[in-house]
Amino acid sequence: MRQSSFLCIATVGTLTATLTIIALFALVIINLQALTGRWSEDVQVRAYLEKPVRNAQADQLRKRLGSIDGVDEVEFVSREKAYSRMRQRLENADLLDGLSPEVLPVSFDISLASELRSREGVLELLPRIKAVLPNADLRYGQQWLERFESFVQMIYAAATVLGGFLLFATLFIVSNTIRLTLYARKDELEIMALVGATPFFIKAPFLLEGAAQGALGGGLSLGTVYLLYQAFFREGLGSLLFSIGGYEIHFLPASHQLAILGAGVLLGLFGSLSSLRKFVKIG
Amino acid sequence: MNTEAMIRLYDISKHYRSDSAALANIDLRIDKGEFVYLTGASGAGKSTLLKLLFCAERPDKGQILIKGRNITRLKSREVPYLRRTIGVVFQDYKLMNSRTIFENVAFPLEVQGKRRIEVGKKVYQALKEVGLEERMSRYPLELSGGEQQRIAIARALVVGPDILLADEPTGNLDINVTLEIMELFKKANARGTTVVLATHSQEMIQRFPRRVLTLEGGALVRDESC
Amino acid sequence: MRQSSFLCIATVGTLTATLTIIALFALVIINLQALTGRWSEDVQVRAYLEKPVRNAQADQLRKRLGSIDGVDEVEFVSREKAYSRMRQRLENADLLDGLSPEVLPVSFDISLASELRSREGVLELLPRIKAVLPNADLRYGQQWLERFESFVQMIYAAATVLGGFLLFATLFIVSNTIRLTLYARKDELEIMALVGATPFFIKAPFLLEGAAQGALGGGLSLGTVYLLYQAFFREGLGSLLFSIGGYEIHFLPASHQLAILGAGVLLGLFGSLSSLRKFVKIG
Amino acid sequence: MNTEAMIRLYDISKHYRSDSAALANIDLRIDKGEFVYLTGASGAGKSTLLKLLFCAERPDKGQILIKGRNITRLKSREVPYLRRTIGVVFQDYKLMNSRTIFENVAFPLEVQGKRRIEVGKKVYQALKEVGLEERMSRYPLELSGGEQQRIAIARALVVGPDILLADEPTGNLDINVTLEIMELFKKANARGTTVVLATHSQEMIQRFPRRVLTLEGGALVRDESC
């Protein structure tokens, strides 16, 4: 099949390009997910008490809070602890000169079960905490949390639409390309049928070819993404992102790599199959 | 009429367009082992008639029996098996340009699942008979017009078909090669293959007189046995 | 050119698909940019003073701060103001019972010129403020700002790589598709040359066709993106994003719409041109 | 040798593959207004020789003059203008399948920038001469083999070329149509067109005796004027 090397290159090239887009996209989304997942671990509720409590009472409250469904850990912050924390946070300790621990409120730091570490989770939990501490002032970094969350959500929503369209477009482009390559060989397909080949006999080699091209395209796209990852994401971004807290950008996990390869094979196979149906007609 | 009928047409008509008939009300019987010329002016319907016989076109009206089997409403998955018993030399050759000469001639054998060694031997033999065994590894577009035509003939004969349909098989061949090709057809005919040969060449018909069917504007106007 | 309608649909379809991806991508990036641009307006520096100052002195400091290059506005927050702010912020005012305004530090709220409203800008400005208020404690919501910024930067970096690759892949896929459609017609191109057509005579209609297909693809992709925008982004996201502060997701501005159309025409034109060079050979 | 030389070949050789020559050391002169047959067995090099004359192939060795002009090293942007003075009937017709018959025949006129009305008139006239004016709006694949061949002839003649190169132009035509086509060629020849006609048909040569060039294995072995 000498003359068809161009056709073969065209199919593999298109498969590679489209799968690379998908894979790059997945790479970005997976890392965003991991990063935001990590950050959301910081989400916690701080409950400022109306008035100071004794240690025994605090312990009792702590236990009750701890037994709430969705609460992970509870820490009691006494006045002394609050003072020393503030001291730690303020660079210039002189500021605290006029301040004695007595003026600071006591509080509970309530960390959440992982599935509740989001704005919604917090809102779900608040009434339960309120039930235990009816007069406490509950704070959870509203503004930033809300913004951050809506930001993440906007990105996910965009990613869903974009990703969905990307998958659809990939499917379309690849099957289109394969159809074009078969169109260029349609005389040959017709001749095969005319000299007595069954549809299966005609299609089998093209299907095999399609699957092989798909696998090749998938492999090449993984290679391309890996190179881009090495060149741009890992090093370049690592130095750009000053405070992602030791987060290292990952490459696609093995399961996703397999999925890309599998997608390549399926695209090649079904792209060929659907087009062959159009061009292989007997009698 | 003691012999067996190989091809039987009952009142066959074919219209490509509604305004003109390519074939009109053809009744015809060709026996097993016959050698028949199909002649007529350009556009008379010769190729169309041949196309009906291997289901490349379907008739609008009438019935066609091949070896007693009605092929008019053959299911499309049965068509390939009919075609394997028929060798066709197409007027425009229909070679696969991306395959070598060897692969082209081998294709009908591979379709039938023949073993590799057998395929190789038969292909070589067929190419030798048309004098082109040396061109085996070339591609069709690297051959002259007449050479391509002979490859098409080799491909039709390589399977040892029950029926050979040859559409203007020597239109691009000089007289010497034509004579050799006619010898091949006669040999195949002698082995039992029913031959239907569409041609405009009166010279050929005179040199090898056989039964002649003449079409005119889609109608069968003459049927002369010699 | 009856038989080539499939080829025409293939080209236009591929152009539409790829340009839609590009346009969707641009839509998301533009809105992220607008949104983060708006949020960054909140970035400001608060300088807690070591000790209370008199009004006259505060005024003088305020002027000096205001004249710093890169400072937009300066507000003096007296103890009383700080106390009333805290009162406002805390739902449960009882907490402040033990607290008198005297214990609160005074501060300056310094808002930044728009071009400095980022972590880098703040870091650039800090020394200049320090020069005026050597003993003040300067705070600017480090942790969240840093995270938010690195997040945005990661997204931009990813968008750059993805977008760059997307452009490249689009170019490749489209020219590939056009090349395939011309490949399917290569016999015809050859025949034209054999009966005396000049390369220009052969190419001109294909170039026109390519440009027209490109324009059509561009238009269709804009239409598709508009539909997706109406269906998913505007309404759906609007209700999803609870606190983007009245931010409304925009469609692509006219300049970008024109750019997409132009890109379609150029892709169609150059895709045809480069492929024609390959298939139109005289003698 | 008082007449002007139309085609002049000096020591022309052509190898498609290094191991065998398609044409070897051909010297040839064809005068303006001549009618010449090019004959020889299948694969002798007839089509190759014609291809060299309109720059579809380039010789490996030797020089070709057309109307006194050396075309051997013609720049590729000059080739179209040479081809416009030459009508070619290709052995495999080379019709554009996605264009109608009318568009196919009109194409060489459009290439020359002729006005629409003139194109329409000339195309109709040319199609009428080959008897296919009614097939004008069909597509090539909807015609019979012989009909396609006649379209190819109409396309070659429609421009009123200086030289007509016809490669096996009646291989798929019956004798009546062949006679009509030969009349067309003779008419064109009488109007001053130099005709070179490659054919394997001795019958044609006998009916219309003219100068005959015979190729054998790429060599010019005979040059007989009648």
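Observations on the model:
Letters A, B, C and D mark the chains as written, and numbering starts fresh at 1 in each.
Simple rule for what comes next: a contact is a pair of C-beta atoms (placed from the backbone, for glycine too) under 8 Å apart; a residue touches a chain by one contact, two chains touch by 3 or more.
On a predicted model such as this, the values are computed, not experimentally measured, just so you know.
Of all chains, the one whose mean C-alpha position sits at the greatest distance from that of chain D is A. Separating the centre of chain C from that of chain D, both taken as means of CA atoms, is a distance of 64 Å. Averaged C-alpha coordinates give centres for chain B and chain D that are 30 Å from one another. The mean-CA centres of chain A and chain D are about 68 angstrom from one another, to the nearest whole unit. In terms of inter-chain touching, the protein chains here make up one closed cycle, each touching precisely two others. Under the touch rule stated earlier, the contacting chain pairs are A-B, A-C, B-D, C-D. Those residues of chain D that touch chain C in the shared complex are 54-56, 58, 74, 76-77, 79-81, 83-84, 88, 90, 94-99, 107-108, 111-112, 139, 155. By the touch criterion stated above, chain A contacts chain B in their complex at residues 1-4, 185, 187-188, 190-199, 201, 281-283. Residue ranges on chain D touching chain B, taken from their complex, read 16, 39-43, 46-48, 91-92, 142-147, 149-150, 167-168, 171-177, 200, 202-203. Listing the residues of chain C that touch chain A in their complex gives 6-7, 10, 13-14, 17-18, 20-21, 24-25, 28, 31-32, 35-36, 39, 48, 50-51, 90-92, 94-95, 98-99, 102-103, 105, 135-137, 141, 144, 146-148, 150-151, 153-155, 157-158, 161-162, 165-166, 169, 172-173, 176-177, 179-181, 183-184, 228, 232-233, 236-237, 240-244.
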